[in-house]
Amino acid sequence: MLTTVIHIAFVLFSLSIIMNFWRLAKGPHLPDRILALDTVYINSLALLLLLGIYQNTQTYFEAALLIAMFGFVSTIAAGKFLLRGDLIE
Amino acid sequence: METLFSVTVGVLTACSVFLILRGRSFPVVVGITMLSYAVNLFLFSTGRLTIDGAPILGTNTEYADPLPQALVLTAIVIGFAMTAYSVILAVRTRGEIGTDEVNEQDSGESSR
Amino acid sequence: MSKVFPAPFLTLSLFAIWLLLFNSIAPGVVILGLIITTLIPLLLRPAWPDFKTIKKPHLALVYLVILIFDIIVANFKVAALILGRRKHLKPALFVFPLDMTDELPVTILASTITLTPGTVSCEITRGRRGILIHAFSDETPEETINVIRQRYERRLKEIFQC
Amino acid sequence: MWQQHLAILPILIPLFTALLQLLPWGDRPQPKRRALGLASSILTLVCAALLLVHVNQNGMLVYALGDWSAPFGIVLVLDKLSTLMILLTAVLALPVLIYGCYTEDNLGSHFHALFQFQVMGIIGAFATGDLFNLFVFFEVLLISSYGLMMHGGGKFRVRSTLHYVLLNLLGSALFLISVGTLYATTGTLNMADMAVKVAQLSGDEAALARAGGFMLLAVFGIKAAILPLHFWLPQAYSTTTGVVAALFAIMTKVGVYSIIRVYTLIFGPEANELVWLAADWLWILGILTLIFGIIGMLGTRDFRLLVAYLVIVSVGTLLATYSFSSAAGISTALFYLIHSTVITGALFLLADVMAFERGKTASRIVTGKRMANHNTYAVMFLIAAIAIIGLPPLSGFAGKLMILQAAPVSTSGFWLWGTMLLATLVMLIMMSRTGSKMIWHTLQGKPNEQSAPIGKRVAIGMLLSLSLILTIFANPIRDYTDSVADELLDTQSYPTTVIAPSSGEENQYE
Amino acid sequence: MEALNQLPLWVQWVIAFFILIGAVFAFIGSLGLAILPDFFTRLHAPTKNTTMGIGGTVIAAIISTSAQGTLTLNELLIAIFLFLTAPISAHILAKAALHTELPKFAPTRDLRDKEDAYQHETDK
Amino acid sequence: MNLFYIVFAPMIGALIPLLLRRTSRPVKTIATIAIPISCILVAWPLAQQTLAGDIPTAIQQWLPNIDFDLAFRLDGLSLLFVSLILGIGVLIVLYAHYYLSSKDNDSRFYACLLLFMSSMLGIVTADNVLLMWAFWELTSISSFLLIGYWYHQSDARRGARMALATTGAGGLALLAGLLIIGHIAGSYQLDAIFAAKDAIQAHSLYIPALILVLLGAFTKSAQFPFQFWLPHAMAAPTPVSAYLHSATMVKAGIFLLARMHPALAGTEFWFITVTLIGLITMLVGAYFALLKHDLKGLLAFSTVSHLGLICMLLGIGSQAAVIAALFHVINHACFKAGLFMTAGIIDHEAGTRDMRKLQGLLKFMPITATLAMIVTASMAGVPPFNGFMSKELFLDQALNQHLFGGLSWFVPVLATVGAALSVAYSIRFIHDVFFNGGYKELPKQPHDPPKMMALPVLILSLMCIIIGLLPMLTVSGILNQAVSSVVLDNITVKLALWHGFNLPLLMSAVAIVGGIVIYSQRDQLFTFNRQFEGQDAKHNFERIVQSICDSANKLFTYIDTGSLQRYMALVLISVIVLVIPQLFEIVTLEGSREQLPVDFVSIVGASVLMVAGFATAVLHRHRFIMLMMLSVVGLVVSISFAHFSAPDLAMTQLVVEVVSIILMVLALFFMPQKTARASTGHRVFRDILIASLIGGIVATLNYGILTSDFETISDFFIANAKTGGGGTNVVNLILVDFRGFDTLGEITVLAIAAAGIHKLLNKLKPFMPSSDIDGRPWHRIKHPLMLTNVANLILPMAMVVAVYIFLRGHNLPGGGFIAGLIAASAMILQYIANGVDWVKERFNVNYQSLMSFGVMIAALTGVGSWFFDRPFLTSWFTYLKWPLVGKFEFATALLFDLGVFLTVIGATMMILSNFGKMTTRHRPRQEGN
């Protein structure tokens, strides 16, 4: 049962990523795309967590944590680019 | 899975190569970066694909080949250094020349 | 004491994070953690601004519980809006006039607004006099402002005593 | 016992020097950096010489880094070829650095550090016995060369650096694909071990490995500047500063060395289905490169560019000679390699210092003002020209005769003869034209007042005198390159030495 | 997977519940991002729902490991981090959207004063 | 050893005038002239041996590997030439002493002359053909320097270059020929080559070898059609011309023919080629000599003509012909040196060499005129001078050859014509200069030269007479030995002025009469020739070289357009050409390894990856969007690593990808954000083709690899990680222990990159847009409040995480590199949120030093193992048990990793802070808003 649920979750997250990606590709504006990219990061993170549950391992925890951290940094960088052009000033 | 993997690596390589053949420095740098991703996947896969076998002793019974992983790690870091350098070199070139065209100006190709 | 622990709350939370990371309370981890979490604030002291510190920690806990509850509610609300019919969508852009000016409370309030039902804080307007909010639901701005004022801003002012 | 560690000193000395040079060093750091760099270069030279002597007396030195012996760990394999190349690098680096210490290093930041890093990378590439580690050292030498090439800045330099960098980045990617393919078919990275494994390959696996091997050829081809992968070279060498170009004289040789190493050891005589994998291609490409270099020389109107094409000609000569796959071919190629490295280095410096003293006309092959030290340069130019053209009595002539004799009396041999002699003629014409226009034909009036520091002339003199030494000791050196070639072709005993170090050395660590 | 299947059934149910909560909310969030009409409305969806999706999954992960004997809370860090940062990302993007004057969904009521619309926070 | 002295004394002695350059000319001249005289003294006893039939030799090994030894011999032939070179050399130095003006750099002149002398001596005494060739090339170089002595004159420069190119080319041909001969004979020693005569002549490579050798000889002695360079060598000072044309340079070619005679001559090919070329040269030379108005030009072409004569004799090759040839070598040397000196005197004293301007000089220069008439008569072959005798012998040989069968008669006829022309130009030389009417205004008032300047000419004229009258006393001894060493037989030469009335005498008479006739009709000849004027070999040569260079240049501007696109394409095409044939040889690509099942997530991942990759490529003109697509690619690659059991890789990839993208976004600010559509359809099609082929190659390789099994050394790492390295994360252990050296290199690369970037950003004034891509001014807020606050909160958190990741790397995924980048990104966030100034105020860290210390720590950890008598980078670990803390592990690898950690922070921060600094000070002013 749990296996089935996890598989369903895998599919749901995958579909989410596809939808995010669609938004990323379509835009129509840069903030849309950045938002979509940020969401791709978060959904990927969820996929990794799920994989950890599925394989019953802690191996992916750090990777997931890093996605959270670096997804944030990259979103901020992109946002700052839209606002100011220069990231570091 | 192996088929899917190799096709993906191939497509990624092809896309990168297309970018590398562009005439402006920025896309070329991006192409090289993407090529390094593809190459890392390739190099990684020379240890063959293993699922649920992270080479951390005591967590599994079968382990993925750790050597290519270590090689890819080195390659990633070196690639990072190279990307950083080339990106900034592109900026510098633009700063000095005023354009980001990679071809020499007043050559026949620049118009193409 | 303040020289060794320039920011006790910070040290404490860092230590908690340390333990969470290692997922262990083995003596080695604890000792090393104490050392590290003492050292890091000392090292980063210049970068640590003079935040208004929490004056009423117990109220902060209450605030946290409310927040988590609201987040869950917000999720269902937004889910309903996404799945519901488009004509229910009546977004609005309006300013929530702020009653406090300290950085940290304002930041927390703005974050709370974003995490809670139907609102996203878009701008902190000039001089921190207000927060520009984009609201999603069909409630009137006045209602929303009222809720925010009563439910969050009041509590934050108490917590930070400002 | 301590001689063991001698193996790694030529890598570590420049490394530590470079790291120290990155430190701030107070208000006037440059004198300190210079002293440090020169001291280190001398030390490297001494170590390289001692290493060569040691290896010559006691045979190949295998240094297992981290005490993990081959094929599992990375080993440095100091055989005669490696030590020879290392010594050559050290010998070239010292005068070039001396040259650089005379104000050249003030043109931009980090000159000294990058210089030492570059030396480290080159020496490391010569020393390592591991294919992936070779990649790493390639990157070390490349990234430092990127930095060095930019030294002094300017429009043209920046663009040619951009080209050079991007091309080499592509090359690095291809290198990784090749290494991956070879690892995937042989399961190892140590070159000696790979040689053993490659010999056991057959059928489709062998074909995969061949594909990897050929891709590697393209990679090394870029470094060595073989046609059609040479395009970066003239542009790069002619736009960068003289000192960097002179140091780069050994850079193409790293490519040539790698080709010799990999295609003799791994894909050489013992490689079974992959025997002498690259020989045919190297033959054709070598000759074409030579011809291309000839045309390039004819077409150029700049002294620096002329020297750059001289480098290309030397690369073509080297590879075509190597492709005969004979002991004599390899030996003579090595002799020629030493000679051409030293002389092209000297020529780049000469072109630089002449350009400086000529002022506006710089290194263009046109009539210009008399230089402040006109006569000195005239003599230097004459000596360098005689040496590089291959006229008696300097080293080039010995090298050329050796190669011509080593070429088999067959169609391919005649092709080499023909192209080499044609190249010599063209060099003769172009060098005499250059000398005639730049040195003989000067404008009336006072000579230019800008005078290069004497240290620069001393540095060039040092390099040119090396040609004299090469001439006088041509025979012992040839004897040595003969023994290098013999050792290189003895691809059966190489792996046994590398993979199972002799018991004596092993005991030392037990 | 075997280890999880050996857990008591109710634990499995709890885990499954949280996984599903997470996955469904994440899905809805992404759906919202895909179908909502303008940037500002789209911003609400992932900001709230996807974050919640992670929350569910994190709880599931914590239960699944903890139920096997050792209390494992480290995944909590991920959730904390996301709750801390998500509003900031949203804020920055909203700022950008306002700044670039992205078109708004027609029924949006713009109740800003003129002053509010053009006068943002001052620099420190 | 004395032979070495003879050859090398002038070479080393060349330094003497240079060292004496501050002294007066007489000192220099004496010092210089002492050298050839000392050589003569040294040679004297050796000459006695040679004349007695011995061959003195000397040998010193130099390059035994290529059979190149310093081997010298002094056989008859050598002696003959050595005498000429040294003897005339002495006279030339003496002459030059007076000839050179005070402005000329006499030191350089003497040095070059001595060098040249040495090279010539080397050629003629070399006992090894390679050695001979070496000296041959040296004569080219030294004659180049001599001809170009007055390098401020364009003629001198061009003449020198042409001579060098022509003789140099011939020299190279000669080398090839000699190498072939040496290859056939198995040795480069003369005796061995002579001994192998039959083998050589029977070999299939004989004809090519012969042609190559002849090319060498003919270019050097200016034989047709290579005669063009010699007249232009006249730009040299006259002493040089005298030397080059009489005893040396051009005689080197003749010497070569004689030297190789024993091995190469005697075949029909030799005969026909050499004789014909000689004959043609003789006629052509004589004809042009007659036409020249320049004294030296006349003499130059007469040299060509006489060399043709000698060449022809050597072609005939009979014993008598060889005698005649060598005899004429001596005679020609005597009279030609004298003639050039005379011409030089006239030029020197009268200020011109143009025969149209000169006339009636007899009155002013009686001594010169007398001497000139003697040497000219010798040249014209008038009895009783020596020239007459050798010409007689020549005509006799021309009569007695029968090698052209029925057409053999044309040889003596043409020989007589040549002789007649020779008489004609000789008459012109005398008549036009010294007679031909009264004196005309000249640049200088002519008078006889100083006595000592005329002395050399006097000596030479006396030689012409003495040899003519007493040949058996003077030259027969040397000729005996010389001819013997050419025909390899002991012979005795019989020379006499009077041969009785015979056909050759008649021919001589005909020639003299014919000569007078031709001279009297010379105006018609000049008129006839005028139509060919304007053809200057020097200009032609120059033009040919120039046009070759120009076409090469054009070719290069066409091929090498400085187009990176083309370079890149070439690299890729090379890969395609090299690799694809190998792939075609694969029979079955799919190996025996069982494939893993495909799952939905993987398909989605792969699809997203491919589409994102594709989008990155397609959207390359929208740069920011391209970067976002690249982010997706990087993220999915990272997830794939995680999926295929490589958590370390997943983290590293992710972290690196984000930092790279941030760098690119930073860069984008200074770059055009959009690219105009630029590529033509044709170009795009080509690129797509290349891209697909490369992609195909990589995919094929990858598929072949993935589906086959292999044996790898990796099991060793898994087996030894715990016991040998003390950790459980095998990947990390490989990085810090098994292959720690790679990692050391890798962080070195990072440090170098940072230093290089610092260099790149130095003094850079980048382009900075004051508005975004749509022309909107930038937002006014630099540092949004919410962001700064949260960034400040995150920094310590991230540091804790970094320490955690660092510490556990040894046993679980993590390590110094990732930890370093986490710390660095937290700092980047500070930069983004708070700005450069803010950070700099609070963290005054010298990132460069930090980075340097990082690498040092790593490397020093490696050095540390030396103290335990282990190789570099040997790791060590132990388990410690401390109270309270309990048992824990300490490994030196951790120290190494600390180095990595610090390097990464230092390098990354150095890059970013330097980048950031660029705009901080001079941001363009904001408009509007």
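For clarity, chains are labelled A, B, C, D, E and F in written order, and residue numbers in each chain start from 1.
Just so we're on the same page, a contact is a pair of C-beta atoms (placed from the backbone, for glycine too) under 8 Å apart; a residue touches a chain by one contact, two chains touch by 3 or more.
Here is each chain with its UniProt name: A = K+/H+ antiporter subunit F; B = Na+/H+ antiporter subunit C; C = Na+/H+ antiporter subunit E; D = NADH dehydrogenase subunit N; E = Multisubunit Na+/H+ antiporter, MnhG subunit; F = Monovalent cation/H+ antiporter subunit A.
Owing to the predicted nature of the structure, the values given are computational and were not obtained by experimental measurement.
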Most distant chain from subunit E by Cα centroid: F
Measuring from CA centroids, which chain ends up nearest the centre of the complete protein set? D
Take the average of all CA coordinates in subunit B (Na+/H+ antiporter subunit C), do the same for subunit D (NADH dehydrogenase subunit N), and state the distance between these two points in whole angstrom. 28
In whole angstrom, the CA-centroid distance of subunit A (K+/H+ antiporter subunit F) from subunit C (Na+/H+ antiporter subunit E) equals 22
The distance between the C-alpha centres of subunit C (Na+/H+ antiporter subunit E) and subunit D (NADH dehydrogenase subunit N), rounded to whole Å, is 62
Touching at least 2 other chains, the residues of subunit D (NADH dehydrogenase subunit N) are 132, 136, 139, 143, 146, 150, 153, 159, 162-163, 166, 170, 177, 180-181, 183-184, 189
List, in ascending order, every residue of subunit E touching at least 2 other chains. 29, 31, 43, 51, 72, 74, 77, 81, 84-85, 87-88, 91-92, 94-97, 99-100, 120-122
Sites on subunit C (Na+/H+ antiporter subunit E) at which at least two other chains make contact: 17, 21-23, 110-111, 121, 124, 128
Quick one: which chain pairs are touching? A-B, A-E, A-F, B-D, B-F, C-E, C-F, D-F, E-F
Okay, in this complex, where on subunit D (NADH dehydrogenase subunit N) does subunit F touch? 1, 4-5, 8, 12, 15-16, 19-20, 22-24, 63-68, 71-74, 108-110, 113-114, 117, 120, 124, 132-133, 136-137, 139-140, 143-144, 146-147, 150-151, 153, 159, 162-163, 166-167, 170-171, 174, 177, 180-181, 183-189, 193, 203-205, 207-208, 210-212, 214-215, 217-218, 221-222, 228-229, 231-232, 234-235, 281, 295-301, 386, 391-393, 397-398, 401-402, 404-405, 409, 417, 421, 424-425, 428-429, 432-433, 436, 440-442, 474-475, 478-479, 482, 508-509
Residue numbers of subunit E touching subunit F in their complex, please. 81, 84-85, 87-88, 91-92, 95-96, 99-100, 118, 120-124
Partner subunit D (NADH dehydrogenase subunit N), residues of subunit B (Na+/H+ antiporter subunit C) touching it in the complex: 20, 25, 28-29, 32, 35-36, 39-40, 42-43, 45-46, 67-68, 71, 74-75, 78-79, 81-82, 85-86, 89-90, 92-93, 96-97, 102, 104
Please output the residues of subunit C (Na+/H+ antiporter subunit E) touching subunit F within their complex, sorted ascending. 10, 14, 17-18, 21-22, 26-28, 31-32, 36-37, 40-41, 43-44, 46-49, 51, 103-104, 106-107, 110-111, 121, 124, 128
Residues of subunit E that touch subunit A (K+/H+ antiporter subunit F) when the two form their complex: 1-5, 12-13, 15-16, 19-20, 22-24, 26-27, 29-31, 33-34, 39, 42-43, 46, 50-51, 53-54, 57-58, 60-61, 64-65, 68, 72, 74-75, 77-78, 81-82, 85, 88-89, 92-97, 99-100, 102
